[in-house]
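What follows is a pair of complexes built around chain A, which joins chain B in one and chain C in the other.
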Partner chain A sequence: MELETSRTRSGADPVSAAPFVSIESVGFTYPGARRPALTDTSLGIAKGEFACILGPSGCGKSTLLSILSGLAVPDTGRVSIDGEVLYDQGHAVAEHPPALGYVFQDPRLLPWRTVRQNLNLALKGAQVDRARWDELVDTYLGMCGLREYADVWPGKLSGGQRQRVAIARALAIEPPSVLMDEPFSTLDEVTARFMRQELLDLWEPIGQTIVFVTHSIREAVFLADHVFVMSAGPGRVLERRAIDIPRPRAYEDPHLAEIEGELVAWVLEQWGYHDATAGPTT
Partner chain B sequence: MTIDTEARTPTTDGTRARTPRGIVRSVGTHPLVQSLVVTVAVWWGLSEWFFIFLPTPLEVGAAFVDAVTSAEFYADLVVTLRRVVLAWIGAMIIAVVLGIAMGRSWLIEAIAHPWVFVSLALPGPLVVLFSILALGLGELTTMVALLIVVTPFVVTFVYDATRALDSRLDEMSIVYQMTARDRVRHVFLPQMAPALMAGARFGFAMSWKLVVLVEALSSNVGIGERIQFFFVFNDPARVIAWTLTFTVVMVIVEVFGFQALDRRLFAWRPEAPHLFKT
Partner chain C sequence: MAVDAVVRAEAATGRRDPGVLGRTRRPAVTVVMVGIVLILWAMLWDRTDFLPSPATTWDYGIGTLTEARTYHDLAATTRRLVLGLGIGYVGAVAVTLLMRRSGRWKLFFAPHVFVLISTPGLAMSLISLMIFGLSEIGIYLAVAGVVFPFVVVSLLEGMEGLDANLGEMTHVYHFSIRDRIRHQVVPEMAPYMFAAFRNVHALAWKIVVIAELFTQDDGIGWQYKRAFAFFEFERLIVWGGYFVGLVVLVEYGVLRPIERLVFRWRDNPPG
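Up next is the complex of A and B:
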């Protein structure tokens, strides 16, 4: 099972040993905001794990990714990736933070640069040897089914293709960890389903550590080794749930639907929708 | 209007015209040619029957040929063009620095914004007259007057574009750890390009408009001075002909300068849909 192999790769259970991606008691308040976005948030993700962070809108799950990627500095707590401490008690510690892949909700490609130039810029930023650029771009575009679009302007591609380019960009720099912020939420359901399956097909042989933020419970259960459920804002992690469904998984698998149902019921209570579950008597 | 509906009409057999007669016919159906013909015809009619002072196209044509075959014209053209280009470059440099600074720093914005706003409304002739009073007649006066009038407009273009930058692309460039140089080159400048192009075009045209006035009032050489000279000697055909000469220069700059640059810079843009299909 993929889950088992990833654990063997990391050498230990992520909770008992130092995890690959580690967030400890992190708190964050946006400048000028009255309520904190994150309070006392902790989570640990093992190397090679596919982790989903699940939470309602505005719970601070995207903020978590901003912190991991260096866009925001947490006020309190400690953050480390692969043993390198990024932030400690409100201070940026790492001089050269590790290169990370990041897939945003929207593709965020530079429309005035070709697909290849977009990927090259990310490779340059990650300080990948220039001699390997062409090979990496071709390989990862090929894996995303876009090899023949390398020298095309992004504006010529469909929304789904653009998001695939964004995924190829995140993977091509071969980072220790890839962050994804609801990357399929703006696509239509059929394309989104296809892309989720594709993402798993891409990820399984590479085994990069993926931190995937979503508000869709079905998506989280389908993709993840572990789902971290966050509270409604201000955010903190309520629970870490293992999804013990063997891979490859099918989106329509009844077992998956069962786990989803359980999680939905639990989550509704946690997120404060008591009336919705209480039935007609109240 | 017939001009528009007839545009781009293929020849009757559906293929492109290749015979000499076909070429003549296809030139004849070009909207630009048609509008030119109509304009000249209307001009002719007006000068023949309504406005005695208005020279006919033929008189202007003769004066035009006279002008462009004289050595004097090219001396004046070089002087005027040099003034326009220098003022334009100066205005662009100031506008880019000030416009970006205003868009990025609230302090500079707070200090500069009222001044830019007020100077937008300064009448051109007033600036010219005060420049002459303050600095006397000479190249410096021309330069200062042009800069004071043209720069605020270009600043406004740049300033607005700087405020409308896409922060999402900024985040992307930070996450992917692009160098400062790459961020300027690949993220910042391409976003500024449309405003810079618009500002450059506008600034160039504006410099020309004003240089005529400055030369007429304060200079003894240049196309504006010639126009003023012919005006004083009541020779409207030459006034129009000399104005046309510089218009031709402007068209050349537009087609071989700005439009060529446009094609290069904005090749990535998907073709905009035509709202009205003919």
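Up next is the complex of A and C:
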């Protein structure tokens, strides 16, 4: 499968190794829907890459995560992770799909189980050895600054803390890939900014493959190694854009704002808007 | 915008902490009402030819506390209630889960639930007693048959409101079926399970007592039968008091502590 080529600042060639996360010509229509959510969608994500999927509402970006996570079976196409085929032409192939971390828009913690119990249940589902549970829970809650809250009910935590627990849960199972569906979209801007930096601080030493869905161009440019820009629905990938800004990145970096501005102008045209004077978003 | 499951779960029963004043208000009102009844009784009993005096009723009641027979009868009724309600409730939970899981099970059980819920409780009891005669099994099944459809209907309504988002989370994180039921479905259903229990609890006691009246030679129902046969109003009042006392004991001595334990994760747990 060939990856979509991109215009990068450095003119770098696209990744030539087999992608770690591979979506090939996938199509999907929700039952009862008039039009498909995805048509002939292809993308490849390298191992250890932080990839953002950027698109307008209704473009099918969350549907892609649903397919990767097993919540939806694509009608057509092929999906594989780390060389293991999950779906092929409408059929689930893998008997034991890999355990993936998933951070939803809302934390989706079991409110009647403590923070530790929530993580333990995810570890159990991922078939992690029980002897490691305490170590993993303490480690990843510690990384998220929540170790002291391990035996607290989620209802006692703030919204931002709950989302950090959800991130800790996704990371604690040490999956090959972590999927994130606009995880900061329900938070206020200040908390969201803090969480974006926290996420990068958590990710960089571990280096897991992250697939991050967002509708925020600034967020995508700040976080990602590559941004996959999707068309308006029915979705397909229009372009794979490399973000060649060295890490660590600053949210207010003018270089970042410049790339954002270029991308904004381009996607406005692609998504059917014609306001060429639109500036960077916050 | 997605709603956090915590907020949704906390709003499930709509309970708020009534505060100290609120918590003492209801018992105070009850005490006042009981006091008014006692005063009226003391004032009016000798103007009727059926009411006993409060004093003789009190003496009778105190006397029953020293009789082993009293505790035997209370234990018998309680045993029948626990087993009958237990069979009906557990059966209802199992059937509800089956109906939820599969359309075929739903098609199969729905008519049975409809017939059972439409049948008068007394008729259900008599059918069961006529089949099983003097055996206690008849009482268990009478109670189970009456409470079963009400619990199913209550739980099915509750399950319609199950959080699909939590279901997606348990799917993504590969929860086993057993873990989904234990850690997601049952806790989420807990408010509805307690509500369903309360709906049928008092009804179940009544069915037991009525069934005992027909077929048993012990229990509260038998004591009512004897009171009626010998026109012993003191006996009727005292054993009516025992009946209410048992219902209240289950509510405040068993159900509410369990409820506080189950909902301890909430900011304002019930009770």
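One rule holds in what follows: the second predicted complex is superposed on the first by the 259 of 282 C-alpha atoms of A that agree within 3 Å, B and C clash if a C-alpha of one lies under 4 Å from a C-alpha of the other, contacts with A are read in each partner's own complex, and residues count from 1 in each chain.
Operating definition for what follows: contacts are C-beta pairs under 8 Å (C-beta built on N, C-alpha and C of every residue); 3 or more make two chains touch, one makes a residue touch a chain.
Given the structure is predicted, the values throughout are model-derived calculations rather than measurements.
Undergrad: After lining both complexes up on chain A, report clash or fit for chain B versus chain C.
TA: Here the two partners, once superposed via chain A, clash with each other.
Undergrad: Touch check for A:Arg116: first (chain B), second (chain C), both, or neither?
TA: neither
Undergrad: Would you check which partner chain A:Thr186 touches, where first means chain B only, second means chain C only, and both and neither mean what they say?
TA: second
Undergrad: Once the structures are superposed on A, label A:Arg249 by its partner contacts, choosing first (chain B), second (chain C), both or neither.
TA: After superposition on chain A, A:Arg249 lies in contact with neither partner.
Undergrad: So, does A:Lys47 touch the first partner chain B, the second partner chain C, both, or neither?
TA: Neither partner.
Undergrad: Applying the touch criterion given at the start, work out whether A:Tyr102 contacts chain B, chain C, both or neither, answering first, second, both or neither.
TA: Both partners.
Undergrad: Figure out whether A:Gly159 sits in contact with chain B (first) or chain C (second), or with both, or with neither.
TA: Only chain C is touched by A:Gly159; chain B is not.
Undergrad: State which residues of chain A lie in both footprints, the one left by chain B and the one left by chain C.
TA: 69-71, 99-100, 102, 104, 106, 108, 110-113, 121-122, 124-126, 153, 155-156, 169, 173
Undergrad: Quick one: which bits of chain B touch chain A in the complex? Just the residue numbers, please.
TA: Where chain B meets chain A, its residues are 168-169, 171-179, 182, 186-187, 190, 193, 267-270.
Undergrad: Along chain A, where are the residues that touch chain B in the complex?
TA: So the residues of chain A touching chain B come out as 69-71, 97, 99-100, 102, 104, 106, 108, 110-113, 117, 121-122, 124-126, 153, 155-156, 169, 173.
Undergrad: Write out the stretch or stretches of chain C touching chain A in their complex.
TA: Per the touch definition, chain C meets chain A at residues 1-6, 9-10, 165-166, 168-176, 179, 183-184, 187, 190, 262-263, 265-267.
Undergrad: Can you tell me which positions in chain A touch chain C when the two form their complex?
TA: 69-71, 99-100, 102, 104-113, 121-122, 124-127, 153-156, 159, 162, 169, 173, 186
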